[in-house]
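Take a look at the structures below.
Each of the next two complexes has subunit A plus one more chain, namely subunit B in the first and subunit C in the second.
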Partner chain A sequence: MNPESKTGVAPVYVKKHAKGATKEAVAGYLFAAPAIIGFLVLTLYPMLASLFYSFHKITILSGSQVMDWIGLDNYRYIFNNPSSEFKKSITVTLIYAFVNVALVIVFCLIVALLLNRKFISRNLLRAIFFLPSVVPMLATTIVWQMLLQNQAKGGLVNWLLLQLGIAPVEFLTDPIRIFETLFIMSLWTCGGTIVVFIATLQDVPGELLEAIEMDGGNAWHKFLKVTYPTIKPVLFFQLIMCMMTSIQIYTQSVVLSRNGAPDRMTYFINVMIYDHSFVQVGMRGLASAEAWIVFLITMVITGVLFYFQGSFKRDDSMGTRKRVRL
Partner chain B sequence: MKFGKRNLALSLALTMAFSALAGCSGNSNNSGNAKNAATEAPKASEAAVDKKDVSAKDITLELLYWGDDVQKKLVEAAAEKYTADTGVKINAQVLPADGTFDTFIQTRLQSGELPDISYMGEGDIQKYNEMGILADISDLLKDGSIPEKLPAITIHSPEQKVIGVGLSNQMELLFYSKSKFDEAGVSYPPTKVEDAWDWDTFVANAKKLTKDSKGKTAADAGFDASLTENYGLGFTAGREFHHFWAANANGGGIVSPDGKEFQWDSPKSAEGIQKLADLVNKDKVASPFTYTWSTGIGSAVDALSGGYAMAISGSWDLANIKGNEDIGIGVLPKMEKAVTMNAGAPLVVYNTSKHIEEAKKFYAYMVNPENSLELLKSGAWLPNQADWYTDPALVDKWTADLPESAKETILSYSTAKDAIVQWPAYYVPAYLKMNTEYEKSIDQALSGKKTVKEIYDSIMPAIKKLWESGKVS
Partner chain C sequence: MTASATMKYSSIKRAKSRSKAIHIALITLSCLLGLIFAFPLYWLLRGAFVSHSEILARPPVFFPEQLNADNFKLGLERIQFWRQLWNSVSIVVPYVIGTVLTTSFAGYAFAKLKFPLRGMWFVLVISSMMLPSAVTLLPQFSLYTSLGLAGKPALIIPAFFCAGGNAYFVFLLRQFFMTIPGELSEAAKIDGAGHFRIYSRIMLPLIRPAMIVVALFSFINCWNEFFYTMIYLKTEADYTLPMGLYIVNGMRIPNYEQVMALALVVTAPCLVFFLIGNKYFVEGITLTGIKG
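For the complex of A and B:
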């Protein structure tokens, strides 16, 4: 029955509806309040404060923080002063980040594709690949350090090499080898990404894969024409996330080396910012400026990735065909 | 049901929002900023005057320190005894002995909640002095509340105020494995400063102790350094502290003890560090320096039970060798001189303390070696008072459980003239920044990529400029 036709209460109903909508909106905002407040207090405010700090030289005198306005001097120091290590630090960080992202994404995708096939003990293998990602990075790094360090210090890998008459390898002290170690550790702990890929692969339409098979297509054709278009959005998300975490590398450097050794090759950007902010004196303003430049660089990288996001969009024709079939 | 879903949702949302607000706001008593710290100092003196009649039972002092379980027990016991004796309550808070301690202090400084007393890293004391938060404790030494301490661990500000006293007198020592020496037929390192091996003897012995996986020593023809299984020597060179002794031993130095002469860039200093680098890259008797530079070699016990015959490490490692008959201690080798370098974290009083007089009294109690006797006996600490090295009755108090070689070595260093060099971190205000510049580049020389002289030529002008500034920041 249509109430409007009989009683003419339509306006009341609309009003009630509007009132209800407001109430719901209020409830929604209240529910979201913890997150919003958290963002404002714990993210936005510190960001703006650090931007403000970046134009100051901050020292502590007689127990109180003294901030002297120095304009763009911190930024000038970063780019023009030969003592600044920003360029080397950001370079090694970005090299690590780009190579690491490529390795992690390709490795995880291959492992996920393999673990998505049906075979005995598949679940056991999935668990094995996932388990290392549960271990905190600190513990993982210590274990790898113990494995790869000098044989005289008890490094197992080098000891085994020595027993085989092979010269031990300076995994942790050679400027290039240390990167190999970091990549190995990164692959060791990427079980979370593998799990996400496996979950996404469940979404790949099986009938399309069968169709390609019937048309004489091979595994590569199946991946290229069906699997890849389906998982593209997740791939893009993982790419962004992996890039972010790679740029933020910190623990591995602090545990494996000191002072960014060897040859400052592990003096990653977050290590440097922490060092300037909390270890050195009078460099907190500089650290803020460095953090902002890193933020802008990360934004640019993300922007470029988003620019290419089009090629990561899920192919709609998949869904269309699926819907038609249904 | 009258209390509908919507109201329930609203109530829940409100609860969540308020709890978030509560979480963000923290304890209002704790909030504040660095300005609080600035205003605390005058408040402290006012408090001292206003509350003279306040009974000791109403006073609680906060002590912040680092340490393991053993140290925690000892500090807590000392604090309890102090409370029993004086009525002043001690809130002793322990933190891990790592870089987080300094960060924690800085956080407390920012929130205006500094403790009354705390341990402090040797390299940080001049930093906090320049920030103006450390109390002058000269009066405690003048009035005899604190008996005269070893000059090497009495820390002065640039204005010559005493701002801290080291709780312990740590020093670099040569640890060795007796069984590895016996096997190689090498006599044990001497325990008297005057008998220290000269550099060539030291290198020759280290070669005899370095063995490849085919059993050949570095002194033998056909030795393959790439297959070294046991090294003659390992360094704990995680910090510059662990190799600065060589600059002094070679007749150079870092900064003269009076702080007036910059010696770091002298050819002798560079040559001393080069000799250490040569042990790795030329003589092949030590594991790659960057290894030890990066990660340290662990405790001397681990090193000597692993692939090292000798290890240069701090005296704090004595605590780990208890009951290990295989490990002996000797003096470091001689270059031009036989010297070691000392360290020892100081205890400081903050001038922001609301009970500064009581804090100073507690300070005097804590730096008394009698109150850290268990740590002294374990070898983890060495006494900070000169008479504890010369008075036989006092010497017996802390050396009974130490290996004889350790006792002889420590007493020899402590009584020989000019055999202990003070770590410049104690008295050079710009030391932190100078060292940062040094550490940026020195591993290139220690790994053999460049010579120490080449590195010094490129970095010393900047380091000297920092020293000339005479400021931490």
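For the complex of A and C:
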């Protein structure tokens, strides 16, 4: 039966080994089954189904979905019809996401570098920076709303500005200033990323930093030549994950206003898709098309980010090595 | 010779005192930033305890005259508190159990067991965390509706299938399992232990700290969940506590102090779990570069 069974001792070993391998493969699939089934049923199937949905007009008749094939009409509507809400929504979402990612990454890196110095109460400070990130976004938004609102309504920040002789700022009703509010909240809750960066900074080789100091390099050289290459993989991972969460911003918008006020500037993609899916009637096909466009856009963004990470990495690591030998 | 040596010495000394000054300045800066970070939490606490006349008073009241516990009583009366607390708990508990069980199964399989297409499945499962949730939203909703599960179950089921962002934890636990040396399980295998026995008797005790991290993060994720609860919970009797708070906040009632008291109640479990698990949080993040 077995091609190897001609030799004397081997068959027993081979057979037993093969049996063990099969057993291990079965066990592997059993252990991974929830994850694999979850991927197939709760991720892959819904993804393809929503692509299918996006070519239909979906109406609900006596509780069940009725689907009519309309080809690319939903996509045509999104791109050509002036009353489509998609363009404004994706624009404000992407502007928010890009600026937010840049702010969060730079801010977290600076705070992590600050907290990486040795001093008493450092651990207490780290805990303080992390704490807000466990607060529910809902509560976060309510507190900041309270702090930032018009000073006549009791906003503390505006009261402070007034005391300092600075003109109060309409953080919640000005269509541009509202973004400042969102960024402030986002920075306040980014403690997780700070902790990740602090942890990664422990891997930065101290000898290299000293070597650069000997060469007469300043803090900026140290960061560029040693710190940055070391933390780069983690930095990019955080960047990508931050991009994903930023694009899916939802809670802040609906707590501040239910309709994307002021001037639909906070009518983000997820808010719009929620409305089209569950509030307005007969727009589920459209919502699916919108979701698929968002999906493609995020794929392009993450693809570009991965590309940059790969190509930069090689150059930098070579650069450092050269520098160290000097 | 001596002159240049002294010169060098004094320049080093100067450089040292300058870097010390920078050091102190930076520490002061971090402490100031820390104060700014802590302040909104204090403001939440204050808001929950001040009286109605104090909350919007000018100049602002930083320390309330007396602690006003009535805010909690009146705030909780605005929602179906016990009912919604029960809803939250009855979703969170099975959610955390499901997460811990299935993500550790998958983490173990992807780290320690060899099976065909293992690499492919791992990449696919992990890639689901880079997916915008909107793209799976409607078909999932239809699926749950057709199975009669479009309610609480729809919020719990993903936890039992490593879905809904739990791919994070599969990755985290896989990293942990990889650090356990293969000799341990080899020895157990020779003693005739099956794979499940190896998992439960040898692996689990070793990755306990990581499991605690996963439990803590999944508690916080589930407790704070808002997008999906908005979709699947339709009546006030089904709402979770955060949704109760959302409704009260949306009414724009003039009694901010009651909203603050409610917000504090909703936040409290997260703060308590943070204080209990602080060490594990930091450890978990440190080991993986991943946050919940």
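As a convention for this text, the second predicted complex is superposed on the first by the 293 of 326 C-alpha atoms of A that agree within 3 Å, B and C clash if a C-alpha of one lies under 4 Å from a C-alpha of the other, contacts with A are read in each partner's own complex, and residues count from 1 in each chain.
Just so it is clear, a contact is a pair of C-beta atoms (placed from the backbone, for glycine too) under 8 Å apart; a residue touches a chain by one contact, two chains touch by 3 or more.
This one's a predicted model, so the numbers in the text were calculated from it and none came from an experiment.
Trainee: Putting subunit B and subunit C onto subunit A via the overlay, clash or fit?
Mentor: Aligned on subunit A, subunit C clashes with subunit B.
Trainee: Subunit B or subunit C: which reaches more residues on subunit A?
Mentor: Tallying touched residues of subunit A, the top partner is C.
Trainee: Taking the superposition as given, does A:L256 touch the first partner, subunit B, the second, subunit C, both, or neither?
Mentor: A:L256: touches subunit B, not subunit C.
Trainee: Now for A:N218: first (subunit B), second (subunit C), both, or neither, which partner does it touch?
Mentor: A:N218: touches no partner chain.
Trainee: Would you check which partner chain A:K153 touches, where first means subunit B only, second means subunit C only, and both and neither mean what they say?
Mentor: A:K153: touches subunit B and subunit C.
Trainee: Between subunit B (first) and subunit C (second), which, if any, makes contact with A:F278: first, second, both or neither?
Mentor: Both subunit B and subunit C are touched by A:F278.
Trainee: Just subunit B (first), just subunit C (second), both, or neither: which does A:E170 touch?
Mentor: Touch status of A:E170: first partner only.
Trainee: Between subunit B (first) and subunit C (second), which, if any, makes contact with A:A139: first, second, both or neither?
Mentor: In the superposed model, A:A139 contacts subunit C only, not subunit B.
Trainee: By the touch definition at the top of the document, which applies to A:T91: first (subunit B), second (subunit C), both, or neither?
Mentor: Neither subunit B nor subunit C is touched by A:T91.
Trainee: Does the superposition put A:E24 against subunit B (first), subunit C (second), both, or neither?
Mentor: After superposition on chain A, A:E24 lies in contact with both partners, subunit B and subunit C.
Trainee: Please indicate which partner A:P34 is in contact with in the superposed arrangement: first for subunit B, second for subunit C, both, or neither.
Mentor: Once the two structures are laid over each other on A, A:P34 reaches both partners.
Trainee: Pick the subunit B stretch that clashes with subunit C in the superposition, from 3-11, 39-47, 237-245 or 453-461.
Mentor: 3-11
Trainee: Taking the stated contact definition, name every residue in subunit A that is touched by subunit B in one complex and by subunit C in the other, in rising order.
Mentor: 20, 23-24, 26-27, 31, 33-34, 37-38, 41-42, 65, 153-154, 258, 278
Trainee: Can you check the complex and tell me which residues of subunit A touch subunit B?
Mentor: It comes out as residues 20, 23-24, 26-27, 30-31, 33-34, 37-38, 41-42, 59-65, 83, 85, 145, 149-154, 162-163, 165, 167-168, 170, 172-173, 256-259, 261-264, 278-282.
Trainee: Using the touch definition from the top, list the residues of subunit C that touch subunit A in their complex.
Mentor: Residue positions touching the partner: 23, 26-27, 29-31, 33-34, 37-38, 40-41, 43-44, 47, 55-56, 58-60, 102-103, 105-106, 108-110, 113-116, 118, 121, 124-125, 128-143, 158, 160-164, 167, 170, 189, 194-196, 199, 220, 223-224, 226-227, 230-231, 242, 245-246, 249-250, 256, 259-260, 263-264, 266-267, 270-271, 273-274, 278, 281-282, 285-287, 289-292.
Trainee: Any idea which subunit B residues touch subunit A in the complex?
Mentor: 6, 9-10, 12-14, 16-17, 19-21, 24, 33-35, 37-38, 40-41, 99, 102-103, 106, 109-110, 114, 127, 130-133, 213, 226-231, 234, 238-239, 287-288, 290-291, 293-295, 297-298, 302-303, 306-308, 351-352, 432-433, 436-437, 439-440, 443-444, 447, 449, 462, 472-473
Trainee: Under the stated contact criterion, what part of subunit A meets subunit C in this complex?
Mentor: Residues 20-21, 23-29, 31-39, 41-47, 49-50, 53, 65, 111, 114-115, 117, 119, 121, 125-140, 142-144, 146-147, 153-154, 156, 159, 188, 192-193, 195-196, 199-200, 234, 237-238, 240-241, 244, 247-248, 250-251, 254-255, 258, 269-270, 273-274, 277-278, 284, 287-288, 290-292, 294-295, 298, 302.
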